[in-house]
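In order of appearance the chains are A, B, C and D, and numbering begins at 1 in each one.
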Amino acid sequence: MSIKTIALVAKKGKGEAVELARAIRARYPGCMFLADAHLSELLGEAGGPSNEEVGRRAELVVVLGGDGTLIHAARMLAGREVPILGVNLGSLGFLTEIPQEDLFPRLDDVLHGRAVLDPRMKLRCRLLRDGKQVMEDHVLNDVVINKGALARIADHETFVDSKLVTTFKSDGVIVSTPTGSTAYALSAGGPILYPRVDAMVLAPICPHALTQRPLVVPADRTVSIILRNSPADVFLTIDGQAGLPLQDGDRVEVSRSPQRVLLVRNPRMDYFSILRSKLHWGER
Amino acid sequence: MSIKTIALVAKKGKGEAVELARAIRARYPGCMFLADAHLSELLGEAGGPSNEEVGRRAELVVVLGGDGTLIHAARMLAGREVPILGVNLGSLGFLTEIPQEDLFPRLDDVLHGRAVLDPRMKLRCRLLRDGKQVMEDHVLNDVVINKGALARIADHETFVDSKLVTTFKSDGVIVSTPTGSTAYALSAGGPILYPRVDAMVLAPICPHALTQRPLVVPADRTVSIILRNSPADVFLTIDGQAGLPLQDGDRVEVSRSPQRVLLVRNPRMDYFSILRSKLHWGER
Amino acid sequence: MSIKTIALVAKKGKGEAVELARAIRARYPGCMFLADAHLSELLGEAGGPSNEEVGRRAELVVVLGGDGTLIHAARMLAGREVPILGVNLGSLGFLTEIPQEDLFPRLDDVLHGRAVLDPRMKLRCRLLRDGKQVMEDHVLNDVVINKGALARIADHETFVDSKLVTTFKSDGVIVSTPTGSTAYALSAGGPILYPRVDAMVLAPICPHALTQRPLVVPADRTVSIILRNSPADVFLTIDGQAGLPLQDGDRVEVSRSPQRVLLVRNPRMDYFSILRSKLHWGER
Amino acid sequence: MSIKTIALVAKKGKGEAVELARAIRARYPGCMFLADAHLSELLGEAGGPSNEEVGRRAELVVVLGGDGTLIHAARMLAGREVPILGVNLGSLGFLTEIPQEDLFPRLDDVLHGRAVLDPRMKLRCRLLRDGKQVMEDHVLNDVVINKGALARIADHETFVDSKLVTTFKSDGVIVSTPTGSTAYALSAGGPILYPRVDAMVLAPICPHALTQRPLVVPADRTVSIILRNSPADVFLTIDGQAGLPLQDGDRVEVSRSPQRVLLVRNPRMDYFSILRSKLHWGER
């Protein structure tokens, strides 16, 4: 398949993305370019396609921004397995690993079918209320249940398949993919999962019981969390981007998604060189 | 001084407190008893004094409940140094260390001037907005700044006196007394401070930077936290009981309070035996 | 296959194992029993088979002791996939989950082919010196490299397959199976891996760099650790039972073993109920 | 008092220290210089005073090296309160905070009585065997009890004054000063103590019980650790420099030392700016 339609997605407030977007369009005159709503605005090009349409038509997505922008772009694709090339405009990202100066060599690779693609697992998250599914979504990083600032801590009755794990009394619970293990879950004390590990991290946030440590669960299991004794103010957050108020008795189910995200790799980096750089390994 | 006026404070929803309150009143006919608003209701005695008046007149406070109830009672005293005798109706508390069966021996001790009192440090918390103080309060456990469930993380520019410590990018920041070091700060990864340590714990909540570890700062210093790049949804919580919305640029100052809380000790326990029991030391 | 030859393995210094061993032998007169060297001595039966022979001939192993005894028994089997029934003589173990009163019902189950067996992954550990393999062994819990009490910290240059992870400057490094994730690796800050996760934990011990957090690596990869700038006093420990001095430049390679350990399950327990009990979940 | 006798102490293997030592001697012709044994050798000047004599006569110590060298120099002083100026030859140290280019301005300050001195608490460590003191020493960083690589874990029965804290089942126990809180204790999960906190950190190393968290104890208390069920291979290490084999039943007592260490401050740095730099705060 030869790629003809390229989506360009830019980080909010990143003016330098405009210039870069123009340079990309100039260099590949044979391609059709679609800008996301935000970039269209930056480019002064009103009347373009909606983000939904961009996500539906793109055969390649070029992200100009950071990890948050890439996650936003992955959500626009709504599960379509299309390569995403993440260019970091600021500092190296865990996901946006292509520096600006490597943009064109990597784009050439993709367009000539030479790129190395790194498929990343996603998780499916379903919200069940009174036995009925009221939401379903798919995440690249994490599903987070947490409480408002003033709420008392809730009980998170947690199961793997039908087996009770425990009831976490905590500020919240994170279920993360291997990709998300270096995001919020890491700040909550979780381990780093190599992307190829077929598992998810289940990590309580500031648990009352100090022995409730992060768990790693096979991705073919279903983690369910039922909210008990819940204060009014508990929310479900999906990849840090969408929030939903939860009710007492709500059940959140998380398991491996059939969808994957295809990242274009930087051949000069590998997963561990990114970790070393981002986490200052080699230094105290 | 002989104690004549005894306040009784009960945990919400603890019916057994009623019986206990009646037994206490029966046993000490020479004393005047004041019930807090909640207990008055349980006792079916309307028209009693307000909590403020109870706090102003009490020469001894007997708490029937748990640690939360004791903190509530300490707040009623508004800084008056009056002994607090904490009876745990359920399981042993960090603060409510007198079991029900020891209530009368301990009360006798207090009334005969034989009780051992354990003074606990409090922290003064001031909120400054546009250079003006808009709130001042005193805490036995902790001052917590944290964000709402859906808010992105804020920047907490933190100083000790006039020296910049760092800017914590985190879900929030806890400043705790030694007493509070076994409460929320412990769940956030903080150390346990022996009550006599003249210092406070400064602990970020889920910090983005893994090297930002809890700090222990002398109690005669002032810890200041200025909120920067703050989302709308950040709050200040005082001893887990009162919450206040914060604004970008708000400055929270914490230092040792002149007030102390006087706990009546259980002579059969010491601080470490409580820790061993509460934290299951000796067991994995 | 009907089981005829049963090995009995007892914990050192557990006198009650003798009585239990006699009761087992009395109940199954049709079976042949082999006692390990230690139990033979306790039973006053000299001249029995060596531990090696016991391991070679057993069709079922009954362990009377704790987790350490079960690991010892698994080592006696030298990789033969024979069911192991772990009876805890003291408190519940992570591996010895059958209480004494359930011993006969479970033994009956095994002998009638009704037992549920729980296969546990092992790791193969190879030690390479000057390019030559000088040791190979298989572990149920963990491979530990650590330094002597007086040695300065060593450099552990660590790879996953051919990719450099980092050089851990630390007291040592643990590579653990999912089974071993609740043993030493947990004390070193590692996560809990559900036994079915096909991965290993790579955890530095007291790392100098605070951002060097435990990693989870797929079990089909090879983790290699090369010792650099090593003090004289560094050792390799295999399942906590065998130690070997290491030399500067030594390479320790760990990957999934073809061997597995077959645990006889207690149908009244599951993995999480054991965790809840051992780690006091539900309590602070 | 005007300083006339200056000790120069260099890090092993740091050739650049020689040139620097010569430059210092050339610049202050009116002073008498004493080199430690190692630097004397580097300078090719045999027959100089012993380290003991250097420590006894010095009115100022200039350290050319890193934190380890400064701790070594502090030990040479054997408790005499003499200013120590720490020049880092490599990267910034927690203690050696003067960069090479600031050496002469800071030396001038000290010699003209203008230097800011930062007094640091030391801890006294006593080893008692069969009721008799067999060792006493004073540390700037920490007292460490830990086991050899192959030893099973020991029981560390721990007291504050006469009160039992708990029995740590762990690889070892660290008692650190505020200064030492950023050294080994930090790697073991301890908090950072601002140098002016009048307390010590008591931190178990890889404790079996996950709820056994680091404690902070007032410096005017005595922490005692009695070794129980000890394997042969347990050692006491003093400031990382001297090791001593321990025996079952040995009692290690730690309390505030009357001695202090006087560090010459870099007026361009403060404690937190050093932390920010060493711990990469402001970065993930």
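Note that contacts are C-beta pairs under 8 Å (C-beta built on N, C-alpha and C of every residue); 3 or more make two chains touch, one makes a residue touch a chain.
From a predicted model like this one, the values you see are computed outputs, not experimental measurements.
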Given chain A and chain B, the chains that contact each of them: C, D
Interface composition of copies chain B and chain C: same or different, split at half: same
Interface with more contacting C-beta pairs, comparing A-C to C-D: A-C
Cα-centroid distance, chain B relative to chain C, in whole angstrom: 46
Chain centre separation in whole Å, for chain C relative to chain A (CA means): 37
Centre distance in Å when chain C and chain D are each reduced to the mean of their C-alpha atoms: 39
Where chain D touches two or more other chains, by residue: 186, 208, 210-211, 213, 279-280, 283-284
Residue ranges of chain C in contact with chain D within the complex: 146-150, 152, 170-172, 184, 186-189, 205-208, 210-211, 233-235, 237, 240, 243, 279, 284
Residue ranges of chain D in contact with chain B within the complex: 160, 163-167, 181, 186, 190-194, 196-199, 201, 208-218, 221, 270-273, 275-276, 279-284
Contact set on chain C toward chain B in their complex: 210-211, 213, 278-280, 283-284
